[in-house]
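Right, I'll just put the structure down here and ask away after.
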Amino acid sequence: MTAAQLTLVQIDNYGPWTVTPEPRREMDLQTLQSRLFADLAQYIGNRGGYVFFTRFDNMVAVTNGLDRRDHELLQESVGNRFPVTVSLGVGVDEVPIEALETATERVQAAGSAQSSDRSEAFAGEFLTESADDDVHIAHFDVNDATGKYTDRLNEFDSFINIEHGYASLMKYMREEHGALSFFVGGDNVIAVCPDLTHDEYMGAIDHVADDAGVQLKVGVGSGETPHDAGYAAKHALEDCRYEGTLVEFA
Amino acid sequence: MTAAQLTLVQIDNYGPWTVTPEPRREMDLQTLQSRLFADLAQYIGNRGGYVFFTRFDNMVAVTNGLDRRDHELLQESVGNRFPVTVSLGVGVDEVPIEALETATERVQAAGSAQSSDRSEAFAGEFLTESADDDVHIAHFDVNDATGKYTDRLNEFDSFINIEHGYASLMKYMREEHGALSFFVGGDNVIAVCPDLTHDEYMGAIDHVADDAGVQLKVGVGSGETPHDAGYAAKHALEDCRYEGTLVEFA
Amino acid sequence: MTAAQLTLVQIDNYGPWTVTPEPRREMDLQTLQSRLFADLAQYIGNRGGYVFFTRFDNMVAVTNGLDRRDHELLQESVGNRFPVTVSLGVGVDEVPIEALETATERVQAAGSAQSSDRSEAFAGEFLTESADDDVHIAHFDVNDATGKYTDRLNEFDSFINIEHGYASLMKYMREEHGALSFFVGGDNVIAVCPDLTHDEYMGAIDHVADDAGVQLKVGVGSGETPHDAGYAAKHALEDCRYEGTLVEFA
Amino acid sequence: MTAAQLTLVQIDNYGPWTVTPEPRREMDLQTLQSRLFADLAQYIGNRGGYVFFTRFDNMVAVTNGLDRRDHELLQESVGNRFPVTVSLGVGVDEVPIEALETATERVQAAGSAQSSDRSEAFAGEFLTESADDDVHIAHFDVNDATGKYTDRLNEFDSFINIEHGYASLMKYMREEHGALSFFVGGDNVIAVCPDLTHDEYMGAIDHVADDAGVQLKVGVGSGETPHDAGYAAKHALEDCRYEGTLVEFA
C-alpha cells in the first residue's frame, strides 16, 4: 500500500518574463532556475521530501512529510528572494501519476502557466495519517557507466546513451505502472513507484536493455518519507554492486 | 566557418564520493550539483560563454572568449568553495562534436572519472584568434507548448512529450551535423552547431515532427561568443513567434 | 519570563584551512562564508529561528523551535555541501548571554576552534516545553538614517556612524541586561533580550544618543519563536514610524 | 603612488521594499543580502577586485581591473536574478576615501536611496592606465585571537572584543590616512590604503592597543589589482606569524 503526496511547483508566467522587455541572458536564466531548484531541494529535502528539476519551470516534488503550512512558507520565502513567484498544487494517491494529475489540475484550474493574472496560486490536500510504507523509491543506475561510457566516449555520446536509457525507462514505468522516473545526474534515475514486485522491476530492466541497449540495475526501498525510502534504496543499490545482482530490495 | 571552443568540466571521483562513507542525502547531492552548475553558468556566462548541465557530474561548456587563465581560475575557485574538485579539458574545432571529442580525451588521458589519483587535471588548447561568426547557436522551442501540454496534461506527461522531442532532436543533430543540443528547461533546446542552412534546420524540425510528433521552431544566430550568437538566436526565435515561421536567422 | 535557546555554530579549524597549503583567494572565502550563513538563515529561519553572522566563522543562532534532530541534520547537510564542517553547542537560559555561555562552553570542551582533531562536535540541551513569551526580540533602527547619512555622506562615513551606534548599543545591552545585539544590515540592529520594560529600552536609546550621537528607536515583540517575536517587533517598529515614538511594544 | 578605483553598490529603494506590503521575514532578507554579496564577491573577485559587505544594502568595492562594461553587465545580471536592483557609482583617486566620496556622490545625484523613481543608476569614471602599485592592501588580524578569545570567552564577548578593536582601527585609519577598513570575518580586517610607511602602520597598531586593548598585527601588499595586493598582504601576514613581528611588507 502506498500513499504518495505529489506537489507541482510551477513558476508563474515564466515564459513571458524571460523575454520581457528583451530576452534575458541565457546564463542568468540558467542560474536562476538551478538556484531555485537547489533551494527547493534543501527546503523539501531537509523535511524528508524529494524534488526533481523536471523542466525547471515546472518541478515535481514528493512531499510526504510536508503539510499545508510547510507549503505556504515555501511559497512565501521564494517570493521574498527571487524575481519570480511559484504556484503550488498538491495531490495524494496510491499511484504517483494520479497524485500528480490531481496536483497539476489544481494549478491549471487557477489559470494558465502563462497568465499574468495568476500569481502564487495554492491548492491541495495533504496526507493526514502516515505509514512506514507510504512511499516506494527505486534508485536505478547504469552498470559500469564509467567504464563503458564516461572513460571511453566523448561526453555528448555518453550523455546520449544515458539519456536514451532514461527516455526508455521513464516511458515504460509511467505506462506500465504509473510511476514517475527522474534523471538526477550521472547515470542515476530515481523513480517514485507504487508497490511493485521483483519481477516487475526485472521487467523494466529487461525492457530498457532491449529497447535502448542500456543495462540498468535497481535498489528499492520504502518508507514514511521519500528520504527514508530513497535512503534505503541507495543501500539496496549498494547491495546490487557488491552482490552483482540487478534488483535488490532494502 | 566556425571555430567552437568546447570545455568538458568533470567532477573528480564524484561517484565514489557520493557513497563515502555512507550514501549521502540525495537532496544534498542535488543541491551541490545544481549550485555548482549555477556558479559555472555565472562565471562562464558573464565572460560570454555558455555551459550546459548535461549529466551534472559532467558538464559541457562552449568557452569561446575564455582563455587559459580564465579556466585555471575557475578550477581554483571551485576547489576553494566546494567539497569536490573539477578536471577540465578544452578542444577547438569547426565541428562542435570534434572539439568535445578532443576535450574529453584530454580529461580521460589524465585518469578515470572514478580515480582517486586524479584531481584538478587540466589540459587544452585555446583559440588565439576570433571572428564574429565563430559560434553558431540554434535556439529551438516547441510550438505552443503551454497550450498543448503544460495547461492540459499532467506535468509528467508534458515532460515526456518535451523529452521525447528533445531525445529525437539531440540524436539527429549529432549524427547529421555533429551539433550538440541541450535541453535548457521549459520547452527550450539550445544547440551548438556548425554553419547550417535553412533547409538543414527545416530537415531537423521535420524529422522531430515525424519521429516524435513534436512541432519545433528555431531561431539561429552567430557571433564571436556563445552569448552573442545565442542572444541573436533568441531574437530570431521571437521573429518566428511574430511571423509564424519555423526557421529564422538573425 | 523568557527561555532562550542559543546555538553556537563554529566552523571547525577554519583559520588554518584558509591558509593551507597557501592563502586562499579572499573573495572565495567571503563567498563561502556568506553562503554558509545564507543557508543557515534559510534552514533555521524557516523553522522559526534566527541566526546572526557575527564573525562568520562563529555564528550565533536563537533556535527556539529547533530540536536535537534539526541540529543533527543541519550539521550533516553542511558537511555534505561545503568544504568545511561545523561544530554546534546549544544552551538554554532566561538570560540570552547565559544560554550562549553554556553553548560556547560545550563547543570549547570538545576542543579548540583551531584543532584539527575536532570535527562536527555537537553537545547541548533543548527546550522541552515552550510558551508564547519564551523569546523577546527588540528591533532597533536609526531615525532617518537615509536623510542623515546615506543620502548625504560618503558610504564609509555613513557606515562609521551606524557602526559607532551599534558598538555602543551592543555593549550597553550586554552589560546591563545580558542581551545580545546584532547588526543585520542597513541601519538595523536586532537584539535578543530578557523581559525588559519600556524604561529599560528608553535607557538604552538615551545611552546611545549620549555616547555615540546616534538616535535610535525600537520595536519590541515576544513569541514562542524568534520569528514570532521578531515579526511582532517589526510591526511595533512600524508603529514607531507612524506615531513618531521611540519605543513601542507589539 | 596609488590609484584606487572605488565602486559603491547601493540596492535601490531597499528599505521600503523590505516592509512592502508587510514586513518580510527577517531570515529571507538575511539570505537575500548575503547571497547578493556572495555573487558580487565572485563576480568582482574573479576579475581581481575586492568587495566588502559594509551595510549589505550599501556595499563598497575596490574595482581596479574592472571597466565600464564589467560594471554594466554586473548591474544587468543582478537585475535578472534578484528581486531587487542596484545602482552603481565609481570614482578614482589616490586616497581611497576620496574615490568613495566621488562614487557616492554620483549615486546620490541620481536620487535618494529610498526613491522609487531611481532604478539602476550608473555613473562613474574608470582607470584607463594601470600600474603595479595602484592598490595598497593591509591585512590585519588579532594576535592569538583563538587563544585569548574564541577558546576562552563566550562567543558574544569574543565578538565584542574583536568589534571594539575593529571600530577603533576603522576610525583611526579613516581619519589619519583616508583608508577604508573592513571587517571580513573571524579576527580579520582588510584595509584599502594610500601608500603608508612602516611607522604609520605601527602607529595604527599602537593606537588600537591603547584605545581598545586589542593587539593587532598587519601584512601589507601592493599590486595592480586588489587581489594582487591583498594576496601579497596575506603572505606578509604569514611572515608576521612566523617571525613574531607586527608589521611586514610583501
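A, B, C and D label the chains in the order they appear, each numbered from 1.
Assume a residue touches a chain if its C-beta (ideal position, glycine included) is under 8 Å from a C-beta of that chain, and two chains touch if they have at least 3 such contacts.
Predicted model, so just to flag it, every value in this text is computed and none were measured.
In terms of C-beta pairs in contact, the better-connected of the chain pairs A-B and A-D is A-B.
Chain centres computed from CA atoms place A at the largest separation from chain D. Once the centre of each chain is set as its mean CA position, chain A and chain B turn out to be 22 Å apart.
The distance from the centre of chain B to the centre of chain D, with each centre set as the mean of the Cα atoms, comes to 37 Å. Mean C-alpha position of chain A lies 42 Å from that of chain D.
In chain B, the residues that touch at least two other chains are 25, 28-29, 31, 35, 42, 46, 77. Residues of chain B that touch chain D in their complex: 39, 42-43, 46, 73-74, 77.
Every residue of chain C that touches chain D in the complex is listed here, in rising order: 8, 10, 14-15, 19, 23, 25-31, 33-35, 37-38, 41-42, 44-46, 49-51, 53-58, 60, 97, 100-101, 103-105, 108, 112-114, 146, 150-160, 162-164, 167, 170-171, 174, 180, 184-187, 190, 227, 230-231, 234-235, 238.
Chain D makes touch with chain A in their complex at residues 24-25, 28-29, 31-32, 35, 76-77, 80-83.
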